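Here it is, the structure, as structure tokens.
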Amino acid sequence: MDRKGIFRKRKPPLGSVPGTLSIDEESPFPKISLIEFDRDYLKEEIIRNVENLASVISATDRVHWIDVQGLGDEATIRKLGEVFSLHPLALEDITNVPQVAKVEEYDNCLFVCLPMMRMEEDSVVYEQMSLFLGETFVLTFQERYGDVLDPVRNRMRRNSRIRSMDNDYTAYAILDTIVDNYFPVLQSIGSELEKLEEELVESISREKLKDLYLMKQKLAQLRRLVWPTKDVIGRISREESEYFKDQTVLYLRDVYDHIIQSLDMLDISRELSSELMNLYLSSTSNRLNEIMKVLTIISTIFIPLSFIVGIYGMNFVYMPELSLKWGYPVVLIVMGVVVFIMLLFIRRKGWFRK
Amino acid sequence: MDRKGIFRKRKPPLGSVPGTLSIDEESPFPKISLIEFDRDYLKEEIIRNVENLASVISATDRVHWIDVQGLGDEATIRKLGEVFSLHPLALEDITNVPQVAKVEEYDNCLFVCLPMMRMEEDSVVYEQMSLFLGETFVLTFQERYGDVLDPVRNRMRRNSRIRSMDNDYTAYAILDTIVDNYFPVLQSIGSELEKLEEELVESISREKLKDLYLMKQKLAQLRRLVWPTKDVIGRISREESEYFKDQTVLYLRDVYDHIIQSLDMLDISRELSSELMNLYLSSTSNRLNEIMKVLTIISTIFIPLSFIVGIYGMNFVYMPELSLKWGYPVVLIVMGVVVFIMLLFIRRKGWFRK
Amino acid sequence: MDRKGIFRKRKPPLGSVPGTLSIDEESPFPKISLIEFDRDYLKEEIIRNVENLASVISATDRVHWIDVQGLGDEATIRKLGEVFSLHPLALEDITNVPQVAKVEEYDNCLFVCLPMMRMEEDSVVYEQMSLFLGETFVLTFQERYGDVLDPVRNRMRRNSRIRSMDNDYTAYAILDTIVDNYFPVLQSIGSELEKLEEELVESISREKLKDLYLMKQKLAQLRRLVWPTKDVIGRISREESEYFKDQTVLYLRDVYDHIIQSLDMLDISRELSSELMNLYLSSTSNRLNEIMKVLTIISTIFIPLSFIVGIYGMNFVYMPELSLKWGYPVVLIVMGVVVFIMLLFIRRKGWFRK
Amino acid sequence: MDRKGIFRKRKPPLGSVPGTLSIDEESPFPKISLIEFDRDYLKEEIIRNVENLASVISATDRVHWIDVQGLGDEATIRKLGEVFSLHPLALEDITNVPQVAKVEEYDNCLFVCLPMMRMEEDSVVYEQMSLFLGETFVLTFQERYGDVLDPVRNRMRRNSRIRSMDNDYTAYAILDTIVDNYFPVLQSIGSELEKLEEELVESISREKLKDLYLMKQKLAQLRRLVWPTKDVIGRISREESEYFKDQTVLYLRDVYDHIIQSLDMLDISRELSSELMNLYLSSTSNRLNEIMKVLTIISTIFIPLSFIVGIYGMNFVYMPELSLKWGYPVVLIVMGVVVFIMLLFIRRKGWFRK
Amino acid sequence: MDRKGIFRKRKPPLGSVPGTLSIDEESPFPKISLIEFDRDYLKEEIIRNVENLASVISATDRVHWIDVQGLGDEATIRKLGEVFSLHPLALEDITNVPQVAKVEEYDNCLFVCLPMMRMEEDSVVYEQMSLFLGETFVLTFQERYGDVLDPVRNRMRRNSRIRSMDNDYTAYAILDTIVDNYFPVLQSIGSELEKLEEELVESISREKLKDLYLMKQKLAQLRRLVWPTKDVIGRISREESEYFKDQTVLYLRDVYDHIIQSLDMLDISRELSSELMNLYLSSTSNRLNEIMKVLTIISTIFIPLSFIVGIYGMNFVYMPELSLKWGYPVVLIVMGVVVFIMLLFIRRKGWFRK
């Protein structure tokens, strides 16, 4: 979620051979786990020797979900590429993160990549999820350890409906869960925004302007992440790719609905933030008006008075008024009248109204 | 119509099995009513045992409208799902409100959901209407008791045209009535906006700015609710789904026209509110100008005068003017001339013009 | 052209039977006139008994234009609906004005409705024109007496080209004339805008801001009326509906061109009004700058001077300068120097430049 | 290029017969010239008797370019219409200028109209070019004498490639040259804008605001003229109308590229002008800030000082400070301290920084 | 990257024969180099006699990349045109730079032109790359010496995968490398923008406003350059032009992804710059508010005080207060009370809060 990451995207050297992997040095060593199941059978295993997977996934009547967490070892990634016959460009897309969400149909599998997000102690944790759906396997790659997919694993263990379905249903379940997890992120941002709104309605300050500014940046970025997933899920839920059965496509349309709702929430937040900026600006100029009204009222009343008292502070020898008995009280009365007239004038201008 | 509801949407637990119902605890217990009729026959009944419905709707020559008000009991909703063979994802959409308006064609029925709105004592009451149109039934689900459909029920009772038509016409009548009820809501907001307009043209204040701000929020939200219904009705009025007969499609196009008019009204209101914001802002700066003009006029006239009287308030021993007989009147005349010149200057600047 | 009319649209009761007519109480009683002609024959007649029309329009080799002005009698409208076999929804669209411009193809005729406008003493007179084109007739409904179609009637009487053409050409002639009459309305608004522009370039005021605000409202509304006619005429000039012959379609494309030109004019006016608002706003802040420059120049010069004279107005017993012979002239010279320095400073700031 | 021309478009009387020509009274009498050529032959001729053209253009193996400059005589235009069998609506489009650029395929020829522009002494000269491409002729109509087509005529005379091509290539050459001539117009406006930019960066003034305002108007209008030509040329370069051979279509795509470049230039100018407006506005408020800083600095320093000296200008009999020997110098020192504190305060506010 | 270049585009004379080359006088003399290779063979050669190329490229089993750097000699360009049978319009597009990025399929080859950019000491170096892909050759034209393609040349020399592929793969490698080089340019601009952002958050000034203004111009221009490449690469990666094999099309889609990412980065930068402008403006008005608050606080406190002391500076003979023993202290106390009240008033207004 760090904006600067976008301008400083790590890339393989310019003009390098296609398929060049740019491994992030901070990415952890790949942990590979396999869940293999059918209706009556479930095995969970940590894979240490990638080559063994070749024989495992040859079993066509079981679902195999191979989940790779961490991209920190090029050799492992390449070996996985060989075992699953992944296209070099797909391997590149896995490691050269972040990619814009996309779907690509290769000869032996469907490739989908999209952002995976979750809240972790008030900040958004983001990583790219790359998913391959083949005839006999679902293969997922994550940038870092930890994900949002434990509910899916538990459904597999609980012997629920997913156990009697095929690989494509597992792929759906993963995609659905990832998209479902966009909501809490968006809700948290929506709440922050509402808090800011309440504060802004109270009073205005430079700090809040900066908060608002940063919030708008965050929203723009989130939108840029989530928006392309609409096309990605839209395409696989329409085109009836051979990798997703007709029955599952109905479920993908449900995922699509959720993306639409996410984008809706995002747009509401974006509009809200724009309106808040407007509110901020008009509050500022409202405030300036009020400040200037006070200055002008004070000045309008006292500047003429000061002039009058200035006149009778002059030291001319021949100023007949000065020696009049009623001079002073008359001047006081005149000033009272001036004040009264000025107050009337100000009142007619409506400056006493809030 | 509460904006916050959008950021705090109640959801089933993340990653739960598709078809998980997230029942709102405040939703009342389902009241199920049946209206069964043909040209010569009409029966209204409160259904207590859902299973009886299976045999009722097997009668193919009658219209059956089963209306479920309240979603507060999962068992009832699930049983209805079984009796009418509703898809688990559709059941989910009924209870996990609010959904974006949508239409989905399942194997045995057409599913439409869209917002139902009405005015109740100056505030908008909103709930989601979910409608299933099958061969022999129309099944509707509402979040809460009470709706806008009494005119439809009365037309059935009055033996009007609807009695000689099929299930699809009843579905049309329901959709039409729901969409017709968008108008009073929009009219009420339009009127509020016009009142605000009149007030703003009168005078400006911080309060009205906030009112305007809230109005814009409301309008943005309404648009987001109503906009997707355009596609929904557009699709069923074009695609000639097998559930709507050709004859009825003509009527659906009329509903479509009404949605277009609603969106038109909304857009007029939105433009009006934007223009009002502009008007507010330019009024504010207009006002500042006027305030500053007054301050500047007063200052321009009196500050130089005060300087002059200040000169003759100095206590120098040798100030020949002070002892001159005509000193005082000459200074008064000089000040008169200064005032005259300043007034000319101000006049030429055009600051006396409004 | 009254904006409020839009938020207070007269509607039949919510949820009423489709085909319910909502007759405006102010609408006059229908006047029905028939023009029947072919190349060698022309008859104009006021129709009092609607039922006679059935036999009249059975003559297939003549053009029949039945023009109904005023919708104030439901019975007449309904009887016309029967004689011409109009669909109840079409009847509804005739009376429940204003409709968004639309075209609908029914079994026995084509239905087009669009706005008809004309200038009448500096204000826009608006009503809805509904036109039915059947095999043997053109049937038009207007909300009120009076229209822009006299040139068409005269062409019929003058034995011009229209006399040797078919019903569809008469329909074209009517549509063309209605669309042609958008121009004077738009021109009049364009001229108003240009007058406002000239005034705004001269000087700025709150009044003109309101004028501009109202003008923008007017333009937004006009655009909303005219914009849908683009699709309406576009569709009948493309789709080669069976009611318009190929030859006439070429003429309809000419009408389409005119609508494009109207929308162009509207958009020019809209852009102009937006730019005027910008101009207004920047003029206002320009002006504020100028006002504040004057205030600041006056203050910058005189406030320090007033301070200096204030010093020598103090009544300390021991102020040696006071009794110096040259005290007074020296202070005058010092003040002159202060003024000179201040003027230099102001000049360098560029505040004397316009 | 005169904006007002658009709101005051000369039109035939409203509702007149299609094909009514609205001849501009200022349009000169038509001058008709013919260039007839093939590879080995070239004849240039001034045509006085329009009827002769009928036989001329019957020669199918030669190119005939008939160029009509000036539309000031209805009879001539009509006679040309007869000789070339032009549709009455096309004749109307020739004379009722300006039309939005368009292409129309008639039975015997293709009709294209588009704007022709050139710079003439710092101002844009605009007229409408109407072009008919038939089997054996190219017929062009211009509003006024003089055009940009001399290079095309010279290429014909010079026996260049155009001499061995067909009528469609001549039509292409004309269109290409017209579109090429959009560049100098756009360049001239671009340069004006850059000059304005340089001036605005220097200093701001009301005059430049008006210049910018007028420039934006001009650009909006130019875009409105040029934009529709994109569709026009796009259509004839795609649709392979029978009047343009495949080989020539490749050339038309080149023209299309040039229009895209023109629109690009226009959009750059438009963005530039918008940014300039922004720059103007923020410069204005920057400036106000600076002015107010000066006023506030002066006031903050001198108003408290003036108060202090005012105190000791009071004439109370019992003011012990007044008779103190050190009263005056102490007050001077106190005022020095006040100034120092105020300067510190101002410095900390950052008001001395630019 | 110089904006003015766009308004002053060098063009062949208006209306000149299609295929007229407008050679830039500053363009260097063409340097032509050939790389010829297959899996087992590689030859690099500087070509001096263009005619020799005809026989070289007749070898169908090798890849030939002919790279022309510099367009400064029309004869050479024309001779190349003959040897490779290039269409005159394509030759024109090579030399009449800059063209909008485009792809055109000619009879014997595919023509692609697009911008090539690289950073050279903090400034963007831009030139147009024109590429022809034929059956047996890849021919590239550059405006100037030097490019970003050395990595491609090295891959050829290193005997990597490219050596066993066909001409279309070499074309892909060139396009990919050019597009990859958009990133560093965009990153550099992104960083500049972030630096500006940090500065703006610190303090505001006229200089930074101009920097921001120039940055927005730069971004608008870059977008205009890069945007059309999306269509160009999109088309060749979809349409399966015969010049690109199916296998290579997959690689072109990867290039397309990179363009999407570039446009994404551009849009992020554009939004950022817009938000910065907003931030600038609201900071300015915030600042004005603060300045005016200080002025108003000072004035509100001292102007009334100055009036009071002014009263007792009047020289009336009969002012009883003046001779009271407690007159002076009482006035001081009164003024203290006034200050206290004013401070309360200011505090309640919230002007002491930041």
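Order of writing sets the chain letters: A, B, C, D and E. Residues in each chain are counted from 1.
Note that contacts are C-beta pairs under 8 Å (C-beta built on N, C-alpha and C of every residue); 3 or more make two chains touch, one makes a residue touch a chain.
Here the structure is a predicted model, which means the values were calculated and not measured.
Asker: Since chain C and chain D are copies that touch, just let me know if over half of their interface numbering is common to both, same, or not, different.
Answerer: Different, since most residue numbers here occur in only one copy.
Asker: Per the centroid of Cα atoms for each chain, what is the distance between chain A and chain B, given in Å?
Answerer: Each chain's C-alpha centroid was found; their separation is 26 Å.
Asker: Quick one: report the Å distance separating chain C from chain E, using the average Cα coordinate of each chain.
Answerer: 42
Asker: Taking each residue of chain B in turn, which ones touch at least two of the other chains?
Answerer: Only 281, 285, 288, 292, 295, 299, 303, 306, 310, 313-315, 319 qualify.
Asker: Draw the chains as points, connect those that touch, then say whether the picture is a line, ring, star, complete or other.
Answerer: ring
Asker: For a quick check of the interface rule, what order do the chains take around the ring, beginning at chain A and passing next to chain E?
Answerer: Order of chains in the ring, chain A then chain E onward: A, E, D, C, B.
Asker: Under the definition above, what is the set of chain C residues touching chain B in their complex?
Answerer: Chain C residues touching chain B: 3-4, 6-9, 11, 13-18, 87, 89, 92-93, 99-100, 102, 104, 203, 205-207, 209-210, 213, 216-217, 220-221, 224, 277, 280-281, 284-285, 287-288, 290-292, 294-295, 298-299, 302-303, 305-306, 309-310, 312-315, 319, 321-325, 327-328, 331.
Asker: Looking at the complex, which residues from chain E come into contact with chain A?
Answerer: Residue list for chain E touching chain A: 148-152, 155, 160-162, 173, 176-177, 180-181, 183-184, 186-187, 190-191, 194, 201, 250-251, 253-254, 257, 260-261, 264-265, 267-269, 271-272, 275, 278-279, 281-283, 285-286, 288-289, 292-293, 295-296, 299-300, 303-304, 306-307, 310-311, 313-319, 349-351, 353-354.
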